[in-house]
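Look for chain A in each of the two complexes below; its partner is chain B in the first and chain C in the second.
Up next is the complex of A and B:
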């Protein structure tokens, strides 16, 4: 035998690497990089992010100030190194001056750090929502118009304590920065209202088998707060149903997103009635939202209602294009473009968005509950709107900073 | 016991003391007794404090066993193909995923889960047969090319499946009567009012375990007690000699390849019903089967069972008790095995 097992493993691992596509530049066109997860566990999420971004591009008719917009896709797999690799390719090989993305929390932090090494390029967040992408040690050229995971939880902790009467809640979430941020946002309110969180389970991203995790959840909690995304959420929910789980659920923003609600299987029964909060609500009946949904549905393979990834990428791309319009399509002076971005204040399908001094968005957040829609689809029903939530959740900035960086252990109220 | 090992026993243990074999048996009995006590007894508080709760611990063990069953189904086909043909089929994971998708399509169209399982087995066995005849037969004895070609196939297959079934997560629905949980006759706690809390466990997962054990026993019996099994074993040891004694080796090879592939397809449906089906599963199960057969020993069914047990249990126990570093545990087992027994626990030196 010439083949050793070591060689075998090396070859196996090498299959994970794929070659990036080559894009041809057109003269006079403005190139915008679009970085999303087109591979791995979050593929569906990334594809919907792209739909959102393209909705914004279509809204401008594919051009700004007479310049054609050329979108160059970069693909990551939700891991920080793949995001940086894709960003490098877009910036250093394709020469984009504006990059919209990435999608996932850890990716956002990694791309923010990369942004510091590329002062000529402007980065606009897609839907990544970790707190420290913009709060601690921010980059001057990284903008987030899509709010963070703690902001998304506004109103939820108080609501489940007061209205649902849950006193103690166990949490199950993926083990990286975005779910830390979501749990932080939920617990900030819930613990403040008087609730306790006796058990927190952190599972690796892409985990398939949750039954042991489910068994380790204490029997005496009133509800389980679940912050898992995409395939992870589907796996957890269906195994929770199989295991005969009885405790009601509380959803993180991406757990009850359209990317999960539309998947096949017996999730329906345990999802209906689940309260959650996030930057979008499917049954929002404002005119701006309805026309956005209509435009979004014209893209290929669209969900019945845009996911929050489509929403995040839409807002990011729209901001990029609005600022371009202001500078007349001129990107030669990055400072002027960034100034236009920083001062941008615009109406989105989900209300007014503006930036704070860390270039993080201040926007409306929706409290929702999963219900069965008129045509049998599961949708998030709008319960209440928390207007203009800022990154420090209304707490004084220094006081908020003193709460410490989000992590597995922080916050804690057993 | 041979003379040399007797001698070694005498040298390593003091005179008149227990032999090495007795020590191992004693150790085994002790572990068994502790396990039985852990299942039957009400746990004292200090044990709860260490192992979270009796329910969590027992569920982790049961989950480890059922996951091992799933890994065994995938890895047994892999190890059969390797053992007989020295054919490293790195597209084995793709067969698993394709089987899951095919099973999903058949099960949703016919509304019968069992037809889905059977259909996937047959369909993937056919795919395996075609792969063997069109591709691997031409590359016989050329390990590096086989490896590279099978990686190529797996990459192309992954993209084709992504094109057909998109990136969504599919769940194959099992019949009503085997979904849901049952109460096991194991008491995990006693409520303050005296009622007993029994361990609840998904019935379907127990069935997965049962199927894996049944298939494992059937494979073992076929290999060790039948004429065909004798041919296969002879082929593993000396291909030329088997061919010289009048057996058409190509038929045997094609048959084993089809069986191995079919098992992967079957595992795809069974795994896709217990967990879910999504792109990326192919690489995951390929890696899992590689680790299982490296630990268990390439080419051995018993080895695949032992390897699957170790890896399945390690994964689940790791997930519950040290989730952040749980992934490392699997690879620690592999590294230790490679360091102590490079040919795997049940492997023969090649």
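Up next is the complex of A and C:
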């Protein structure tokens, strides 16, 4: 039978499709799944998460207790469905026993639900920060070493009320579980200090036109709390400025990060002086942080300063590897591995991290303010560190649970 | 312009029963029934079940586009109608809605809702032709996506619904890998056979004639609009069945499932597979699902979407009729083989 070039090409294509079914596993290598957003609106964030995870792997020289580490990547587009599908592939097809990820809030809740159906696999959070991933109805095999969005707000509400003198604040945030958690964390302190929040606006991810949102912000508020990420933050801030808005800003954890601060134009005038809080601070000058930044910068395409996604994935991956070291690279008994994880207490670039009984991290949180750096760039200057914030923000657990699940309406103090 | 060929081969032989169903279909059915013997659980549900579900969704598009000449981007919206109906009328764990009806009520209701929604979309879309049909259905799909994402009372917004479970009937949990695969296979075969049969029924022939020359059909007294809208209704029923299976498979539904990306995905599956025959969408679904699952293993996390795009481009470039067209091209070549001298 003669074979034309065209048939050959078709044959190549069809063979290429069946090839991956023959998965190649190295002997003795430990497979760890890495789930992040490598497609869709959060691609840049997912890639930075991967850099963070790889920084941790490199720190261990790519092996733990004599076993080589094999990272298998899975991609989602930040929607919960795609995260579960990617996790399923990693667990059920590639056979990973440890999975690090996902990146975004509702993905975390969905993967936690999936974790309950896979008791043999251990899930370690990447950077997803919704409260109910670990607080309500948690999964025994889901661990979060990277703290949640409410914890990230520690110190901010009190600071703006006492130091900045803001009495009433309007909020603008994206409409899903992570910003709910952030607004909750901010308001828990702010309302407790005596402040009021007369207006809350929720916008869809990827919104382009904020004119109706801006019109709905009351004129008499002292400041606006903005919990938007990436392009959404830039769009809102520039449109707010063009509309003549003059109220000072308060930032969520991903609102005034480097992707926004490096944007060009007059935006910088309104950004300077914006307080925010989160698990990292650009001007942190502790030795551990500086050496982390140096290691991080060795990865391909690194930002000048690691984002909190790189930070979250780094901590998660490092915890996974530390616990593996303790069990001697043995994953045959998931209980022993989980015990090692649960009892883990280690020094990170941002201070000591340990877990509570819901397997959620207790860690230091940084309060920052945007300032102009020596070279003219905007950076988040470290103002104060809130040490060892737990998931209930220092409130008694039952009392905290009584506050209810975070949502559009909860909390409320108009 | 005729997209569909007459389906009968002249040189058929064998007993009447085999001739009636088609030897190819029987071999295919046997292979698919035996597939679980060689497949792991992952290949059974994540590849097999998922492929059959998306094959059905693309089949509902093939019905409209192939026989009716109406390319719709709103098929995934119809799937969503069925999926959200299951979440709202059945049980979910999101504390919103969830009436807890038994499956034998909510499944027919969900499929009926989907078919009705599809007919309504069709009612709007049949007033347009060609690219305008694509545009108006895209508008419907986009609007539905944003509405579901921002409405919390009915659709529970961005997170959507979780905790949707396939029912246990006859002591079988239908979400277990093996039963679920056969459930998908059974439903898909049913839809496939229905489309094959329907294409040769009076209604199917009328629809195809309308596609080829609507003015002439109207002139000889056919209500072409009614025929087209009914085609939308039938296609909606197929998409609705697929929607029910999809939410049982995923255990959840969120606006991401019915987004614009997913809508385009369905069109890609149908085009890659081929619109000339109902088997095309299933072929396309195999290729697309395999690519989307495994491309990341071949080229890594950064460029896997490029590879997926290139393969799709390759298929369409080699054969504008998709994978079906490749076979059509190979067939005469293979037949002539015996006439060639040995090299």
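The rule we apply is simple: the second predicted complex is superposed on the first by the 385 of 414 C-alpha atoms of A that agree within 3 Å, B and C clash if a C-alpha of one lies under 4 Å from a C-alpha of the other, contacts with A are read in each partner's own complex, and residues count from 1 in each chain.
Just so it is clear, a contact is a pair of C-beta atoms (placed from the backbone, for glycine too) under 8 Å apart; a residue touches a chain by one contact, two chains touch by 3 or more.
Small disclaimer: the values here were computed from a predicted structure and weren't measured.
J.: Classify the contacts of A:234 with the two partner chains as first (chain B alone), second (chain C alone), both, or neither.
T.: first
J.: Output check: A:204 vs chain B and chain C. Expected answer is one of first, second, both, neither. What do you get?
T.: Both partners.
J.: Output check: A:47 vs chain B and chain C. Expected answer is one of first, second, both, neither. What do you get?
T.: both
J.: If we overlay the two complexes on their shared chain A, which of chain B and chain C does A:113 touch? Say first, second, both or neither.
T.: Once the two structures are laid over each other on A, A:113 reaches chain C alone.
J.: Touching A:263, do we find chain B (first), chain C (second), both, or neither?
T.: first
J.: By the touch definition at the top of the document, which applies to A:212: first (chain B), second (chain C), both, or neither?
T.: A:212 contacts chain B only, not chain C.
J.: Just to be sure I read the superposition right, which of the two partners does A:80 touch: chain B = first, chain C = second, or both, or neither?
T.: Second partner only, chain C.
J.: So, A:175: does it touch chain B (first), chain C (second), both, or neither?
T.: Once the two structures are laid over each other on A, A:175 reaches both partners.
J.: Is there a shared patch on chain A that both chain B and chain C touch, and which residues make it up?
T.: 1-2, 7, 9, 16, 18, 39-40, 47, 175, 204, 408.
J.: Sort out for me which residues of chain C touch chain A in the complex.
T.: 40-43, 46, 146, 149-150, 152, 157-160, 162-163, 250-257, 259, 261, 287, 290-291, 293-294, 296-298, 300-302, 304-305, 311, 314-315, 318, 326, 330, 337, 340, 343
J.: Under the touch definition given earlier, write down the residues of chain A that touch chain C in their complex.
T.: Residues in contact with chain C: 1-2, 6-7, 9-10, 13, 16-21, 23, 36, 38-40, 47, 50, 72-75, 77-82, 84-85, 88-89, 92-93, 106, 109-110, 113, 175-177, 204-205, 408.
J.: Over in the complex, which chain B residues touch chain A? Could you list them?
T.: Within the complex, chain B touches chain A at residues 52-53, 55-56, 58-60, 63-64, 67, 86, 88, 90, 143-144, 147-148, 151, 154-155, 162, 166-171, 173, 179-181, 189, 197, 200-202, 204-205, 275-276, 278-280, 283-284, 286-287, 290, 294, 315-317, 319-320, 323-324, 326-327, 338, 350.
J.: What does chain A use to touch chain B in their complex?
T.: It comes out as residues 1-3, 5, 7-9, 11-12, 14-16, 18, 39-41, 43-44, 47, 175, 201-204, 206-209, 211-216, 218-219, 230-231, 234-235, 238-239, 242-244, 263-267, 301, 408.
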